[in-house]
Structures are given as structure tokens and as C-alpha cells.
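A quick write-up on the structure given underneath.
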Amino acid sequence: MAADDDSKGLRTSRFAPYGLLSPGVIWLLLFFLVPVAMLLKASLSTKPSRFANPTFDWAWGNYSSAFSQYGGVFVRSFVYAGTATVLAILIGYPLAYWIATRGGRWKNLLIGLVVVPFFTSYLIRTIAWSSILADQNAVVSGLRQVFGEDFRILATPWAVIGGLTYNFMSFMILPIYVSLEKIDFRLTEAAADLGSTTWGAFRKVVLPLSLPGVFAGSLLVFIPAAGDYLNARYLGSPKTTMIGTVVQNKFLVQFDYPQAAALSIVLMVIITAMVLVYSKFLGTEGLAV
Amino acid sequence: MTNRVSRRRFMTGTGAAVGGLVIAPGILAACGGGDSADGGSGGPDVYFDNWTLYIDKPDGKLYGKGGTLDEFQTASGKKVKYVEGYNDNNEYFAKVQPLLSTGKPIAPNVIAPTFWMAGRYITLGWAEKLPLSKVPNAKNLLTSLQKPPADPTGEYSLPWQSGMAGIAYNQKVTGRPITKVEDLWDPAFKGKIGMLTEMRDTIGLIAMAQGIDLDKPTYDKFVPAFDVLQEQVDKGQVRQFTGNDYVDDLEQGNYAACIGWSGDVVQLSRSNPDIKFVIPESGGTLWFDTMIVPKGASNVDAVGEWMNFVYDPANAARITAEVQYISPVQGVQDELRKLGGDAATLADSQLLFPDATTLANLQSWGNLDEEQEQKFDERFNEISGG
Amino acid sequence: MMAEGAAPPVFAEAEPGRRGSDKAVRAGSPWGRRLLTAFAVCVYIYLFLPLINIVVFTFNSPKGRYNLSWDGFTLDNWLNPFADKELTDAFGRSLQVAVVSITIALVMGSLIAIALARYRFTGSKVTEVFLVLPLTTPEIVLGASLYQLFLGRNVTLGRSTVVIAHVMFCVSFVALTVKARVRGFDWSLEDAAMDLGASPMRTFWKVTFPLILPGIMAAALLSFALSMDDYIITDFTKGEFATFPIQVNNAFRVSFPPQVNVLATIVLVVSVLLLVLSSARRRPGTV
């Protein structure tokens, strides 16, 4: 093995990092970058007939119809994903804060419990929600007495948003927790000693220090939520279709590859733009945690 | 990076070596592994990719003793691989299209597309001719299923099971009997109505309610039916478009009523008498699933033997007793009576053995050419949220 | 991307009491603290509600084909956890894919992490950004683009393509997790070992490897969850190869057997046990 080479040569070699990087990076080039390029090519192709394979001909029309026909679906997807992100912050932050400040020796277990749901398949959890929220279940029936006969949870936008929030919740809680964990809470004591109220200390000291976690969590929730289609399938209705549904359907059911590819590219570009803006301000460290 | 590291890079060589050598076999191993889902020893003679719950399973086992698959293997000495991977006509087509369009065979040598999809494979030249000489029992088939419009010469496809689409409802939720398509649009059922993703059944029922015939369909003729569906989806009347899983929504009471398939509902109503199935006054659709041999498949003769076997009324009855759809084989009714018990009661079901009056109220779809079908599909997907 | 329910960045990262914050939090009114605790309890209930549902329904004896409404108690499902052959096979395939792909991803990802953490070189910044990209690309785009690639190259979709895809989305993840873990590592230990006459290979296995091992373990656990759970990317690369989630979804059109819940519960119980064991083991003075 090369390891038996004389160590002098090894120390001065300039190629070490590249050698270490190459397998993984080549894999990513081949199976991430090249495919995206293929997708780009497909998005500018047309199919001569319905069941034939597409040919490349700079068909920009796929993009104009992506906006004209599916603009509404894009907006809906981003609104759902955005709402889910906000809800995940509202639910996840207090929990992360509680674990970080009150967890004591149970911290690891408590944060581990947050992860546990994610070891059962996300699909099965979503189906479980559809069982819990079924129209005839006691709680939903009870609420129907209050809100009127039309009330239901399943097959509404809220069910889909709720599903997205739930399914990606741990992506929010963990980065927030990690950023809170780094805070020296004696700072808040110091602030309190200096006459600040609890809330004041939280707002001035803790919150700003934990913001990187919140931002990282937001991306980690928003991105998968925006492209999801399973929640809409199991918890939604034809009126809650998300862009993921359309892309999946166009690819795997209708084999309209060019249109589907154009829709994917648009989704990717929008999200990448958001990520770039994000990392411009906050760097990529937060994402990796 | 904050922590800068020592200048001494002793790992250079190791890194390169690991990078270059150790990984390569890993990649090769990953890529080299066989593609078959589970490759048994020696290929099967008959490899049937069928819809789920579409054959008898003694004690819940596909190859259970005394079941159709077991009996066939014993009787013919042929090895059968039966998988339940055919979930959706369009999805399956999309899955095999890249292979068949480039002249490569797919793994199964017999698949179960619905009649119209079988028509597509046949038109595209992606179906092999069947070894009809090996299938003398084809004489037992219902005359209505011989040489259907999608396969006018009858050389490429033979029926598997047949059934009807009508309205299924949960009487506990509706509180009243449902008799016609218009009942589905009752504001009292807002958000509790289900439609099928199977376009021909959904649009077919709605169209018939408007007096549109299904035998020579064109998109222009069907626009009013699509408009009704669109309106009901927009109003929030329609809750969801599903495949067979409407059964679950119906059972759980999420649906008051939906468009559904006869066999499902027969099975369901056994355990839940509130679930009913009706053919709407304006008519229901009659459909059938086929067996075709995809282009390039091997062991076509073995498939012929298999077909011959299941067209024997006694074998066909065993399947019917379990799946409870309309058997394409004549004589099944008598065989069911012979079986006795639950099976015997099925022999008297209008949904399994429709009489002339029921049949008169059913319509089958005529052929849609490629261009027409694309128009239908596009509009339907637009409405159903594809 | 970052798979659906997938597991999250880090939990082995968190070390209790590292910054001496444990006793620090005295601030806040007792009522405020109680309110926060009550809220936290509610969030846990919310997080576990579907799991409770899944576990409870392993004891259901459904009348119909869908194990989604309660019809009566039975132990049958636990006595026949593998009654559904297709489902069991799919479960086995999922395990197999997960093991193969995380093994490959762990090696490649760790090497990237070491390269990034240990060397300064031209292109390291670009590499870091490049690594983040697969994580910030929606899964559906990753799946769709692989689908295009394989389609264009006439590659038959199946086990290999699923593994390729899973390795792809795990590599970045492993690299970033392990990198975060080795950030604080004192590399001069390696020099010390070498000065004492250890060979580079020996130094790696005796010094470097043990230090990055916890990071690798964390990454392994989470990649495992990512892989087992993945639906969307697998949907595009599967061909006729059905993993567990795919099989559940396909079968859902006609049935949702209790065995789905049983298998899910087994995974759940094993992961909870691992969690409890590891948190019990790691408590005092972890590195």
C-alpha cells in the first residue's frame, strides 16, 4: 500500500486533499451535477409524439407554460411550505429551549426522543395521521358540533400544512437546539443581574445567538416541504395539489418529461436562489451542524 | 474553517490509496449487483405481474396449497413467479416505456393492463402474439370479451377479470339510498365525494348521466362531462381522486359516496353492511383487465399454458370466489354452486353474474386514438390535480 | 433535499453540560417555567401521537383490508409479523440498500470531511458549497434528474440505481456531519504519534480513526434513517425494485395490513433502545 512510502514525500504532497476528496466528489459530480445537467437538457426538449423519447430543440415554451399554467401551484407550494416553516419554529423553538435549559442530565435522551419519530417511515406516519384525523373520529366529530357540519380536517390545506410541519419538525428542533446548546446561559443571569427582565434577557441575548439555528432549521424544513408530494396525496384534496405532485405525476404517470423537467428546474432555481441569499448572510456552517 | 491543522500531511498516500483503490470495488459491487428484485435459481417459466388482491391465496399465501398458482405448477410442471406490482395503468406504462420503446424486454412475460391500456401496447407494437393454439379453453370465454375493440383480431390479449364501475356509498353517512350520479353533487355531501383516478370510469359515469355515449368517444363530445367534474372539484364537493384506496375512505366514513368498482364493494359490504354499490340509473361502465405478453418476452408458450389453465371453469371459479369480480369464463356460476358455502352465495350476485337488465345498463368505452386520449388525459389531470 | 422524515443533522453532536449551562438557568418566573414545561410536554405528545397510533394498531384486528380504524384487539399480528411476504421482502430490500449505501457513503463522506478539516487547499471553499447543494436541492429534483440520467443512458432502474441514489444523498450528509465533528480535533496528535515512530497507517487507525469515530457513528445512524425512510428519490430510481416505503405506498391502493405497523414498531423499538443505551453510555465525560 502507498502508506508504506517514505513519510517525507507524503508530508509535502500537494495531492493529499484531492485524493481524499475524489471518490465522494466524483460520485456527486456523476450522480448529482451531471443528472441536473441532463434535467436541464430535458427541460428544453420536445416530444415528437406522446410515447416517443424527447429530442432537444431549445424548447423554451416548457418554461413559459411552467409559469403560466403552474404559477398558482408554485405559489401554493411556497405558501404551504412557508406556513409549515413558521409553525415549526413556533412549536420547535420552545421545545429546543426547554431541553437546552431544563434538560439537565436527560438532555441527550430528550433530544434523542425528538429524533425517534423519524426512524419510522415518514409515509407510515403520514398514513397514521390520516387515521387519527379521520372525519368520524371522536375529536373531529366533536369539533363538528362546534364548527358546523362542514367541518373536517382531512382533505383541507391545514391538514397538508400540518403534515408538512410534523414530518419536518426535527429538522427545525435540532439546529435550534444545537445553537442554544452553545450559549452560555450565565449571560442571561448576568443580564438579569443587571436588571433586565427574563423576557428582555431572552430577547437581547438568547434569541440573537440562536438565530443561526433558526435560519438553518427554516431551510431544512422549507426545502423538503416545498417539493413534497406525499402529504398532499394522503392528507390533501385536488385543491391542495403541490408542485411536487405535478412533477411526480408528469414524470411517472404522464411521461411528459420536458414539462416536468422544466418545472423541476424552476423549483430548483428558486430554492437555490433562496439558499444563496441565506448563505451570503449566514454561511453554510449552520446547515451542516 | 477555524481550526487550522498541522502542516504534516502524513495521510497523503493513504488518502489517495483509499480514494483510488478501496472505493472502486465498492462502486463496482454496488453497480454490479443483479437488478432482479429477487432472482431465484433459474428463471421462472411464467412471470405474471398482476394487480394486488387479484388471485386466490389459500391461508393468505400466494403459492399456498390448493391455490391456483400451486395447482398450476403441479399440473404443468412450469415454474410461476407471480408478483403484485401492477398498481396503476399509467404508472406501469411509464415504468416500462423506456425499455419497450428501445426494444428491450421487461422482466415479466405476462402483465395485466386494463383493456384500453392493452390497446395502447398493441397499437405501439409492444405486445407479442399469444400462442392461441395452446389456449383451447379460450372457447369458454364470454362472447362479449372475445375480440374487443382494443384488440380487434383477438391475437394479442385475453381477459383476466371483468367488472363494473358504479357508485359506492356508506349509508350510515349518506342517510339515504343513492341512485344516480346527480346525488353525488348533493350539497349535503360537500367534501365527502370521491372520484377514481381511472379516467374512463370517472368521466364515463358522469358523461352517461348527461346522455353522452361511450362507444365512439371524442374529446369535444365529452367537454360537458369534464366541465361538471371541474365545477364540482372547484366547489369542494369532490374530496379526493384515488385508486382502490377509496375503500378505506368509504369504510372510515371520510367518503359519503364515491365512484367505485363492483368487486371491491362486494368484498367490503360483507364486513360492513352499510356499504352499498349501485349502478346509477343513467348507467355504469363495464371494463376488463387483460393478460398480454410484452414485446421480447421469452417462454411465451408457458404463458399460453397458464392462460389455458385459468380458463378452466373450475380454476376460474376458485379465483372468482376470492376476488369477486366478473369472471370472463362461462360456467363459473355452476362451479361456485358446487363449491358451496360463501362461494355459492356469490353465484346469485348480480354484481358477479349480471343479468340482461343489468348488462343493458352498462356501457364499455370505445377506442380513443392517441391524440384524443392525450386531450382526455390532459384535461383530466388538470382537474384531478396531477 | 434531506430526505422526508429523515433524520436530522446531529444528535450525537449535543453534549450535556458542555458549557456549564446546566445550573445556569435560574432566570424566569416559576410560572413561566411551568408553562414552558407544559408546552414541551404537549409537543412531545404531538410528536409521538402518530407513533402511538402505529403501535396501538399493531394490536388491531381490522375487519377490512385497511388497518386504520379500530375493530378489536388481537395478538395475531405480533404472532405473524412476516405474514405479508411482499412486505417482508421489501423490508429486507430496504435494509440491504441502507447497509450497502451507507457503507459506501461513510467511507467517501469521511474522507471528504478529513480533507476539508485537515488541509488548506485551492478549491476547498468551492467543495464546501458543492457539498451543501445536494442537501439544499429538493428531493424531487434529485430524483427527477437521476431519472433523466438513467433514462438517457438506457440504464435499467432497479437495485443498483436505488443504491447509487442513496449513496449520493448520504455522501454530503456524512461529509458535513463528520466535518463538524472533527472541527475541534488537534491534528498535532498525529505528529506526536509519528514522532514516536508509528507508521502512517498505524497512526491513522490508532489516533485519527478513534477520534473521528463518534462523528462517523452519528452520521451512520442518521444516514441509515435517511436511507430506510427515503420515498421520493427512490420513487424515481426504483424501477421494479420496491423498498419498504414504496411497497407500503403501492399496497395502500388495496390494503394497509397490520404487519406494516408491526415492522414499523420493531424499527421504532430498536431505535429507542439504541438511543437509551447510547445516552446512558455517553453521559459521563464524553469527548
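Think of it as A, B and C in the order they're written, each chain with its own count starting at 1.
The rule is simple: a contact is a pair of C-beta atoms (placed from the backbone, for glycine too) under 8 Å apart; a residue touches a chain by one contact, two chains touch by 3 or more.
All values reported here derive from a predicted model rather than from experimental measurement.
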So that we know how the chains sit together, what is the shape of their touch graph: line, ring, star, complete or other? complete
Between A-C and B-C, the pair with more C-beta contacts: A-C
Inter-centroid spacing, chain C versus chain B (mean Cα positions, whole Å): 35
Compute the distance, rounded to whole Å, between the mean C-alpha positions of chain A and chain C. 15
Got the chain C residues that touch at least 2 other chains? 68-69, 107-108, 111, 114-116, 118-119, 124, 151, 164, 167, 194, 200-201, 204, 252, 256
Touching two or more other chains - residues of chain B: 8-11, 13-15, 18-19, 23, 27, 88, 95, 98, 252
What are the residue numbers in chain A that touch two or more other chains? 1, 3, 7, 10, 16-17, 20-21, 23, 27, 131, 134, 136, 251-252
Could you please specify the touching residues of chain C with respect to chain B in the complex? 63-66, 68-69, 83, 85-86, 89, 93, 100-101, 103-104, 107-108, 111, 114-120, 124, 151, 154, 156-160, 163-164, 167, 183-185, 187-188, 190-191, 194, 200-201, 203-204, 208, 239-242, 250-256
Which of the residues in chain B come into contact with chain A in the complex? 7-20, 23, 27, 88, 90-91, 93-95, 97-98, 101, 120, 124, 190-192, 233-234, 236, 238-241, 252-254, 370, 374, 377, 381, 383-386
Using the touch definition up top, name the residues of chain A that touch chain B in the complex. 1-3, 5, 7, 9-13, 15-17, 19-23, 27, 49-53, 131, 134-136, 150, 152, 154-155, 236-241, 245-246, 249-255
In their shared complex, chain C is touched by residues of chain A numbered 1, 3-4, 7, 10, 14, 16-18, 20-21, 23-25, 27-28, 31-32, 34-36, 38-39, 41-42, 91-92, 94-95, 97-105, 107-109, 111-125, 127-132, 134, 136, 166-171, 173-175, 177-178, 181-186, 188-189, 192, 198, 201, 216, 219-220, 223-224, 226-230, 244, 247-248, 251-252, 257, 260-261, 264-265, 267-268, 271-272, 275, 279, 284, 287-289
What does chain B use to touch chain C in their complex? 1-6, 8-11, 13-15, 18-19, 22-23, 26-27, 29-38, 51-53, 60-62, 83-85, 87-88, 95, 98-99, 102, 104, 107, 242-245, 247-248, 251-252, 267-268, 271-272
